[in-house]
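Every chain is named by a letter (A, B and C) in the order it is written, and numbering of its residues begins at 1.
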Amino acid sequence: MIDGILTGLQTAFSPINLLMVFVGCFAGTFIGMLPGLGPVSAIALMIPITYGLDPASGLILIAGVYYGAIFGGSTSAILINAPGVSGAVATAFDGYPLAQRGQAGKALAIAAYGSFAGGTVGAILLLVFVPFLAKVSLSFQSADYFALMLFGCTAVAAFSGKGQVVKAILMTLLGLMLATVGEDPSGIQRFTFGNADFYDGISFLLLSMATFALAEALIVVLRGSGGSATASDLEKDKLGSMKLSSDEVRDIAPAVGRSSILGFFVGILPGAGATIASFLAYGMERNAAPGDKKEEFGDGSHRGLAAPETANNAASTGSFVPLLTLGIPGSATTAVMLGALLSYGVQPGPRRYIDSPAVFWSVIISMYVGNIILLVLNLPLIPYISKLLSVPRQLLTPIILFFSLMGVYLVSFNTIDLSMMVAIGAIAVVIRILDYPLAPLLLGFILGGMLEDNLRRALLIWDGSFAFLWQRPITATIMVITLLTLLIPVIGSLRDGRRARHPDPFME
Amino acid sequence: MRILDNKDRVGGLLILAFAVAYLRYALVLPLDPTDPNASFTSRTLPVGLAVASIVFALVQLAMSFRGGSGGSIREAVRGYRWRPMLLLLVLMLGYSLMFQTLGFLVSSFTFLLLGFFIMGERRIILSVVVAGGLVTLLWALLTQAFGLFLDPGDLMRAIVGSAG
Amino acid sequence: MKQRGLQWTASRLARFAGTVCLLLCLAFSGSVSAADRVHFLIPGGAGGGWDSTARGVGEALARSGLVEVASYENLSGGGGSRAMAHLIETADRQTNTLMISSSPIILRSLRNLYPQSYRDLTPVASVVVDYGAFVVRVDSPYESWQDVIDDFSANPRGVNIAGGSSRASMDHIVAALAFQKSGVDARQMKYIPYNAGGHAMVGLLSGETQLLSTGLSEAIALADQGEVRILAMTAPDRLERVPDVPTLVEQGVPAVFSNWRGFFAAPGASAAQIQQFRATLSALFETDAWRTIRELRGWTDFHVTGDAFDTFLDQQEQDMAVLLRELGLLE
C-alpha cells in the first residue's frame, strides 16, 4: 500500500501532471459557473478532448475539471443565486444572502476553505478505511434510504422561523407534488396529460433556475433596489475581501469538522450522495446552533454556508468508495468518472485494488491533488470573481437571465423547457411576493422522487408491510433521530411557551 | 376586495386551489394493470400529498383569519416597478419562442440588447460590445471546444442555404 | 464605472469586428462540404448511452477519414420522442442526419408512450448490441438458471428481481421474457425497480434482492470484480468476450433478446442517400479506429443492415407485442 501511495505521489507531482491539474481546475471553474454545465457534463465534454493524452495525465486533468466544476457551481450559487447542481442548493441558502450583504469574497472564501477541508478529511478517511468502507456502503437497503430521505426533509425546519411553520410545510408539499410529474416507478405516466414533454418529469435544473435565479433576479428588478448604484458602490471595496476574523474561524471550524465526517459517510452510500449530505449537514448545524446563531440561518450565516459546502465535497470524495472498491457508480458524477476511467483502460474495483495498487492509489492521489490545486488557484482568483457583482445592475440582470436560460437549454436542447421555465419563474415571483419560502419547495422536489422510490421499493420487498420501520435497526435508528429532531424544538417551545403563558407553539 | 389583501390568505387560497385540482387528477391516475393487488400504487403518494396540502392550506387560511397572520399585499408591493419586470418576462418568453427561428446567435444577441435596454442601459456601443462578446464567447466555447450543436436557426438556413 | 466601461468599449470594438468575420466564415464553411458530413441527432443528453455510442461512431468515422466532419446535436425530452418528432418535422433539411436509437424505441412505441414509431423513420443499420444478463451474488445459492426457476415455482414472492429501470421497461421486459420462456407465469414476478443500473446492483449486493436483470456489458464489468456471478444471458450463442457465461438457450430456455443500438435517417430519405449511409457504416467495421473505440467501451459489434435490418426490427416488434400482451400490458 505504501509503495502504491508513493508511486501515486510521484505520478501526480510530475511537472506535466501538475500543469494538467492546473489547467483542469481553471477550465472546470469557469465551465462550472455556467449553470447547465455541472461536473457531469464538464467531465463528459472533456473526455474526448483528453483522448490523445497519457492515461495518468488525462485522469489528472479530469480530476481537476471535476473539482473546478464543483467549485464553479458553488460560485454561481453564491453570487447570483443560481445553483446549477442539486448539491449546491444548500450553498445558495446562506451564500447568496452573504454576497448580497457585500461579503461575496468572504462567502467564496468560506466555500473554498470548506470544500478543501471536506475533501481533505474525505481523502484521509478514504486512505485509512477503504477496505472496511466497502461493507458500510452495502449495509443500507431501500428502507434505510427512505428513512434517510425523510430525515433530510427535516432540514425544512431551517425555514420555519417565526410563524412560518405552516408555510414551510406547504411549500415542501408543493415540491413533493411537482416531483410526481412524469413516469413513476411502476411505469405509469402521472400528470403528463398525454404531453410527451412531461414524460421525463420537470428537470431539477429547470426548477432551481426558475425558482432561485430567475425569481431572485426579477424580484430585484421589481424592488428597484439595484437601480440606484449607491448601495453596491459603497460595498465595492469590501466585495472582494476574503478576510475572516479569528472569531469567525472559531465559529465555523467545528461546523466544518462535523460536516466533513457526516458528509463523507453519507457520500459512501450509493443511493444518497452529495445533495442529501449537504441538506443533512445544513439541518444538523442549524439544530446544533445556539439560539441567536440559529436565527441567522437562511439569512447569511457563516456556519450555514460552510456546513453544506463542506459536506458536499466530503460526500463527493466518499462517493468514490463504492466506485473504487466495488466498481459501482453511486451517483451521476461517479458514473461519468467511471466512463472516463474505463476509456483510459482503468477498471476500478476490488480486483484493481488488490492486483495493481499503484493505479488505484494514483487515481485517489490525483483526485486529492485536484483538491489542493483548486484552493491554491482559486483563493487568488476570488477577489476577481466576486467583482462580477460590481457589474452594473442594468447589465448584470439580463446576463443572469440569459445564463439561466442557456443553462436549462444546454441540458435538453429543447426550447419548450425554456417556455416552461419562464412560466414557473413568473409563478415563483408571485410566491416570493406572498412571502412563502421557495427553498423548501426545491428541497421537497429533490427529495420527493427518492423518497417515493425507496418507500415503494421497501414496501414491495417487505410485501406491503411497514414492519421495516421497527425491524430494521438502521431504519429504526434514523426514524428515532428524525422524530427527536422534529419533537425537541416543539417540546422546547411548548415549555418556554408555558413559562411565558403562550400555550400555542404555532402562534409565536 | 380588502378580505383578499393578505399575503398568507391569498397564498393559502392559491395552494388550496392547486391541491384540489391536483387531487382531482390524482384520484383518476391510471393503475398498473399487471399489479392489481399492489398496496402502494401510483395514486397513493399523490393523493396523500394533496390531502395533506389541503389540510395545511386550510390551517393557513384559518390562521390568517383568527390569528391575524400575514401582512397586506398592497403594502408589500408599494413602489414595485412592474413594467421592467413584466417586459423581461415577455422578453424571455419571446426568446424561447423565437430561438428556433432566429438561431442561437441572433436570438441571444437580441435578447441581451433588449434586456439591457429594458433595464435602462442607453449606451448603445457598450451594449452591443457586451452582448456580442458574451454570445460569441459562449458560442465558441460550446461549439468549437465542446462540439455541442447550437441551432443556427431557420433564418440562417434560409440565408446560407441548407447545411443540414 | 462609466469611464472604465468606455475604455473597455474602445479596446473591444476591434476584436468584436474580427470575431464577427470569423463567425460568418465558420457559419458558411459548414455548408460547403455538405456531402462529406454526417450530423448525429441524439435523443438524450450528453454523457448517456445513446450519446456515447453516437459520438464513438462519429469519432471513428472522422478519424478513419470515412467522413470529413461529424457533428452532434443533443435533443432530449419525452423519453426520446422529441428528437423523433424533430427529425420528422424537419425531414427535408435533414439529409445528412443520422439519429441514434435502440430497442426501447420499439417498446415505448408499443406501449403508446411515443406518438411515433420507428416506421415513421428510415431504418439504416444497427452497430452495436448488448444482451440481457441475469446476475446473482457470489454467495448466492443459485448455481444455474434452473435453480432460480425452481425456487420461483415453489414461491414466486420469494425471489426479488432487481432492475435499473421502471416496470414495463427494458430490464423488466427481458426478465419477463426469460421467465415466460422457462414455462412459469411471468406475471407473478416480483420486479423491484431502481432508477439506475448501478443502484440496482447495490440493491443486489445489499441483500434486499436475489436476482438482477441488467445489460451484459454492465454485468461483465461487475463480475470481473468478483462480487457477482452471471447465471445466464440472452445472446443466441456464447460470446468470445465471456466464454464462461452460458446462454439461456443452452439451458433449455428459448429466450433470445438483442438490445441493439443503430441509426435511422429522416423519413423520405432518397434510396441513394440510404445506400451511402449503409456503405459508410459497413466500412466503419473494418477500421482500426472503430476497433480501438469498441474495445475501450466494451461494445459488441452488431451489424444488421439493408433489408435485413427492417426484417429484424419487425420481428423484434412482434416478439415484444406478444410478450406485452401476455403480461397484460397491452390489449
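Quick note on the criterion: a contact is a pair of C-beta atoms (placed from the backbone, for glycine too) under 8 Å apart; a residue touches a chain by one contact, two chains touch by 3 or more.
Small disclaimer: the values here were computed from a predicted structure and weren't measured.
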Touch-based graph of the chains, sorted into line, ring, star, complete or other: complete
Between B-C and A-C, the pair with more C-beta contacts: A-C
Interchain centroid distance [CA atoms averaged], subunit A/subunit B, Å: 22
Subunit B and subunit C, separation of their C-alpha mean positions in angstrom: 33
Shared-contact residues (touching 2 or more other chains) in subunit B: 32, 35, 147-149
Where subunit C touches two or more other chains at once, by residue number: 5, 46, 73-74, 167-168
Contacts with two or more other chains, residues of subunit A listed in rising order: 45, 48, 184, 186-187, 189, 392, 413, 416, 460
Contact set on subunit A toward subunit B in their complex: 34, 45, 48-49, 163, 166-167, 169-170, 173-174, 176-177, 180, 184, 186-191, 214, 218, 221-224, 227, 392-395, 397-399, 401-402, 405-406, 409-410, 413, 415-416, 418-419, 421-422, 425-426, 429-431, 433-436, 452, 455-456, 459-460, 464, 506-507
Interface residues, subunit C side, partner subunit A - complex: 1, 5, 45-47, 51-52, 55, 59, 73-79, 81-82, 85, 113-115, 157, 160, 166-169, 172, 190, 192-196, 198-199, 201-203, 205-209, 221-222, 224-227, 296-298
Residue numbers on subunit B that touch subunit C, as the complex places them: 32-35, 105, 123, 125-126, 128-129, 132-133, 136, 139, 147-149, 152, 156-157, 160-164
Subunit B residues within the subunit A interface of the complex: 7-8, 10-12, 14-15, 18-19, 22, 25, 29-32, 35, 38-42, 45-46, 49-50, 52-53, 56-57, 59-60, 63, 67, 69-71, 73, 76-77, 79-82, 84-85, 88-89, 92-93, 95-97, 99-100, 108, 111-112, 115-116, 118-121, 127, 130, 134, 138, 142, 145-149, 151
Residues of subunit C defined as touching subunit B within the complex: 5-6, 8-9, 12-13, 15-16, 19-20, 23, 27-28, 30-31, 34, 37, 39, 46, 71-74, 93-97, 167-168, 187, 327-329
